[in-house]
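See below for the structure under consideration.
A, B, C and D are the chain letters, set down in written order, and residue numbers restart from 1 in every chain.
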Amino acid sequence: MKNRPTVGEILQAKGVSRRGFLKYCATTASILALPPSMIPRIAAAIENTRRPSVIWLSFQECTGCTESLTRSAAPTVEGLIFDAISLDYHHTLQAAAGEQAEAARHAAMEENDGGYLVLVDGSIPLGNPGFSTIAGISNVEMLKETVAGAAAVVAIGSCAAFGGIPGADPNPTGAVSVMDLVKDKPVINVPGCPPIPMVMTAVLTHFLTFGTIPDLDKHGRPMTFFGTTIHDRCYRRPFYEQGKFAKTFDDEGAKAGWCLFKLGCKGPTTYNACATTKWNSGTSFPIEAGHPCLGCSEPNFWDRGGFYEPLSTGHFGSGEKLAGAAVAGVALGVAAAAAGRRRQAKFTGEG
Amino acid sequence: MTTQQEVQAPASPFHGNVRPILNEVKHALDKLLETDIPTTIDLASLPFGPGELEYLEATLGTGELSARLDALGSSRIRETIYPGVWWVEHRNAFDEIVGRYIEITRSPEILSSQDADIAAGRARLENQFE
Amino acid sequence: MDLLEFAKGPALQVAAYILVAGSIWRFVGIMLLKEKPDYSEPRKSAGILAALKVIYTRSFSAAPFKRATMYPKMMAYVMHIGLFAVVFLFVPHIMFFEGFLGFEWPGLPNSVIFFLAVAAVVSGIALLVRRLTNPVLRLISNFDDYFSWLVTILPFVTGLMIPVRMGVRYETLLAIHILSVALLMIWLPFGKLGHTFLVFITRGTTGMVFERKGAKT
Amino acid sequence: MTTVDGRHTIDREAERLAYKPPEIRHDKQGDMGPKERIDAAMYNFVKNFNTQTASYLDGCLHCGMCADACHFHVRTDDPRYTPIWKIELFKRTYKRQVGPFAFFYRLLGLKRKVTLQDLEEWQHLIYDSCTVCGRCSLVCPMGIDIAGLVSMARHGMFKAGLVPHELHEVARTSAETGSPLGISPEKFDERVEWMADEHDVDIPMDVDQADVLAVMSSIEINKYPQSIAATAKILNAAGESWTFRTDGFEATNFGLLSGNPEWQKASTMKIIDAAIKIGAKTVVLPECGHAYMALRWQGANMYGKPLPFKVLHISEYMADALNSGKIKVKKVDKSVTYHDPCQVSRRGGATQAARDVIRHLGVDFREMEYGGDYNWCCGGGGGVVTIKRADPLRHRAFKLKMDQVEKTEADELLSSCANCRQSFDDSQQHFNWDYTMGSLMEMVAENLEGGKS
């Protein structure tokens, strides 16, 4: 690790001026959702931190998370960060394949034992090891082997973080999340389907900048991005307060940009930063496009009832069961009245 | 200098997120005048509806001074029609905006020449004499 | 299944079954007791109209009782109006009803609902203070009175906490809110909250019995 | 904020926060053991539960508003006099034995079994401090007829031998002799003859066939015998075919007041039998409140089928006769206020009759504040006037009535109930009060147009 250059050195080598460095630090603070007053601290940290080794493992996944990350083409700020880390293994992105690739992974693990980061996308099948293998190694095995010497694990995307779609009912492969398997290392969950690229880079930046993992919520998600709900930061929130709701996707309310709660928006129960970081280089996010939030960054989002069912909807069970309850009520009432009359008869000796 | 004309609200839905920011700017100006402490507002963490950011930018307008910085992509720094209030936009090499700030200060720090760059420049200058 | 799933699913279901079964149980259990025929010659014919009349008129204190009952009546009115508005005119609640009724009606802005809910809680607390300090009420009150107060006020408080939040997660608060409503639904048929439907029976009965005599109703 | 009333000490040892009642006398009849008494009370509580009472007993909200309608509570501020509290045992028994959730109440022990001590303590509340005036029934936001429930609760108390001595004694006398004051048919006959002489009026007695059967209350026969003559004058003036009967003259019903349905029925049946015997089309009840309740509204139910005759209170009869021109009265140049007997007006539905009569008398009528149906009770109804130990309480409650009457500044105070009259006389004496209660019927009799007989 000693031979790796610091981020400051890398930037200098690229001929980036001090002004450029300040700009880089300002955008980093912005990514980390830190107040601008933190910029000097970030600058100091970045100048002195050495770039860590990163091993990226992909299991039962759709590559959407990798797509999300790499869509932001280099040399963006995210790209710069990837310059600042050493991505030593990523079987989708790396040129090497087969034994060569596995050798690179082992080399990185040995060289950086105890200091490297493991990034995982995709869930891990426990049903049958043959459901998903890489180079003949089952996902569980590869995960355990790779994590053994890691500093921390980052679960990228809802599949790695919570089991995601492979883990959805009826979960044919017995898919589980990273934190279901990794108990002795810090696991940072960056859920989302896919996760916001900036959030992924922010987690790495945090590790890079401060050498620590960020504050996490009860689901292991960084508080800076998953601390408030979509609803909290939604620009349509005032309409919610006024009770103005779009009822269909093409009514006047929808055209006027009213709240999508009635169309099943999961914003109030979904913790993510979409409403402020937005997507597609800050263009917009689903609600701005007129579609309710699906809650993709929440555990088991796939199995939480209909996407278009309002959050306030209760499940009363079937009308038959309610009718059954009514019939039971009648029966109990008749029985109670009969018992009452019987007691009256018992007391009074009359029929 | 831009005339201080009344800025019209855009026709698109107006969600009321702009007023609080303008209010914060006002308080930051008070702070600057009284204590000389500058303030930076990071617009990335604030919610905006369609058209609102444009409305905010239009409201602040373009003042006397504009600057362009070329380092890791371009950056545009300009004073608004309210002296002491600066609109700062950082872009990457693909001209995508990566950071947007309102700085309430006498002069944004990034406009000043930095010691490290001065030293490096001085070294380059010295090379001219060799 | 997390807390919210539990609250919205099984908890609400069971509460709804108990609400329906319990209410009917109590209603039928009363209605099927022996009926006492009245052979006296009626002064006036008194049927359902007399019942409806008293169901309406007993909503207000008669003139001689106005002063003495003013305070608790006002408080009770604020509480009941608040309860009605919050339950039936708060838009997310309307959606909740729409979920199984299939139709909706116009609601009130959240700020109005918030105000009414706070007013209801305040009057609820005032009524509790009265119950705890007034010698009459202290004497005649029992567990039912305090527990019914609690389960009525809880949904208000938990509901009001949702926008206030105070560092607790929305879904946790929503789940607690729904659970408190479920508790209310479960208790309603069994305690004095049964007056939700009993009021029509008692007032109606009095209407018919007294109107028949031509006596003051 | 309401302050805690220091006069009412709290019993912190009690099962639930409760008021500590002062020691009072408990009367007992018979030599039953505790278990027998409790059983008898339960038996007769339970007997009264039906759909109507059940909905009432299930419906109470414990709002306490009835306390503000009760003269005893208003005047003493004693929370025990809250009307609904007076039937607490009755309510508890209902919930434990017959209500829809009785099974759970018993299973979980949520409603305590009623004990003999409870019953003894409640004697004061069910008898001494309730005149069954029904004012509380009008304030109840649930519309619960609390007074009706008190009457029913008395059934259990009577059978358990837990009635205040004087009331029990009067009721027993009534059952044994036919009259609460022990007036025999012979004595009644004597009195009637005396009044016929004294007032120079024809009074038909024991006629075999008559359209109208008139009855009297023994209070009148004994204390206000001029009522007999007044009744006769009015019925004669109307040209009725009418009679008194020695086999059915007593209108009061202490079976009703004390809580013994058998005695109540026996008293009622005497009148019904006599009326049927003579083929009466109408029974005219005297100036007596509970007599009206007993025959007009409960008579047919005692009889078990509709009565074959009409039942009218004398005020109703007079109103009809005046309205139809059967009798005429001279104008009386006085200001008058009227005290409504609870069982005739508020609970009987004949409030308007007395006002019609008063209108015909042409007096300057001054209605009391909240007179008519919301009238304050005289404090002596429901048998309370017979209970000696209740006198101080009754007198305290009477103060409300005094204020109500005095406010009108009327020359004369009238009513149409001998029981009220007795209660007024007693209280008048106690307070040295200026107002004497007069009889509406007597005023009509004195001012009949076309003079005598």
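The criterion applied here is as follows: a contact is a pair of C-beta atoms (placed from the backbone, for glycine too) under 8 Å apart; a residue touches a chain by one contact, two chains touch by 3 or more.
Nothing here was measured: the structure is a model prediction, and the numbers come from that model.
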item: Which of C-D and A-C has more C-beta contact pairs; value: C-D
item: Remotest chain, chain D as reference, centres from CA atoms; value: B
item: Chain whose Cα mean lies nearest the overall Cα mean; value: C
item: Euclidean distance of C-alpha centroids - chain A vs chain C, Å; value: 43
item: Rounded Å distance, chain C centre to chain D centre (Cα mean); value: 36
item: Distance from chain D to chain B - Cα centre to Cα centre, in angstrom; value: 91
item: Inter-chain centre distance, chain A versus chain D - centres from mean C-alpha coordinates, in Å; value: 79
item: Chain C, residues touching no fewer than two other chains; value: 25-26, 28-34
item: Overlap residues in chain D, where contacts from two or more other chains coincide; value: 49, 54, 98-101
item: Category of the chain touch graph - line, ring, star, complete, other; value: other
item: Pairs of chains satisfying the touch condition; value: A-B, A-C, A-D, C-D
item: Touching residues (chain side chain C, partner chain A) in the complex; value: 2, 4-5, 8-9, 12-13, 16-18, 20-34, 91-93, 95-96, 99-100, 107-111, 169-171, 174, 178
item: Parts of chain C lying in touch with chain D, wherever the complex brings them together; value: 25-26, 28-41, 43, 54, 58-59, 61-65, 68-69, 72-73, 76, 129-130, 133-145, 190, 192, 194-195, 198-199, 201-207, 209-210, 213-217
item: Touch list for chain D against partner chain A, complex; value: 42-43, 46-47, 49, 54, 97-103
item: Contact set on chain D toward chain C in their complex; value: 1-5, 8, 10, 16-19, 49-52, 54-56, 58-65, 67-69, 73, 77, 79-80, 82, 84-85, 88, 98-101, 110, 137-145, 296-301, 303-307, 310-311, 345-351, 370, 373-374
item: Sites on chain A touched by chain B in the complex; value: 16-20, 22-24, 26-27, 29-30, 33, 35-37, 73, 75-77, 80, 233-239, 256-257, 275-277, 281-282, 284, 288
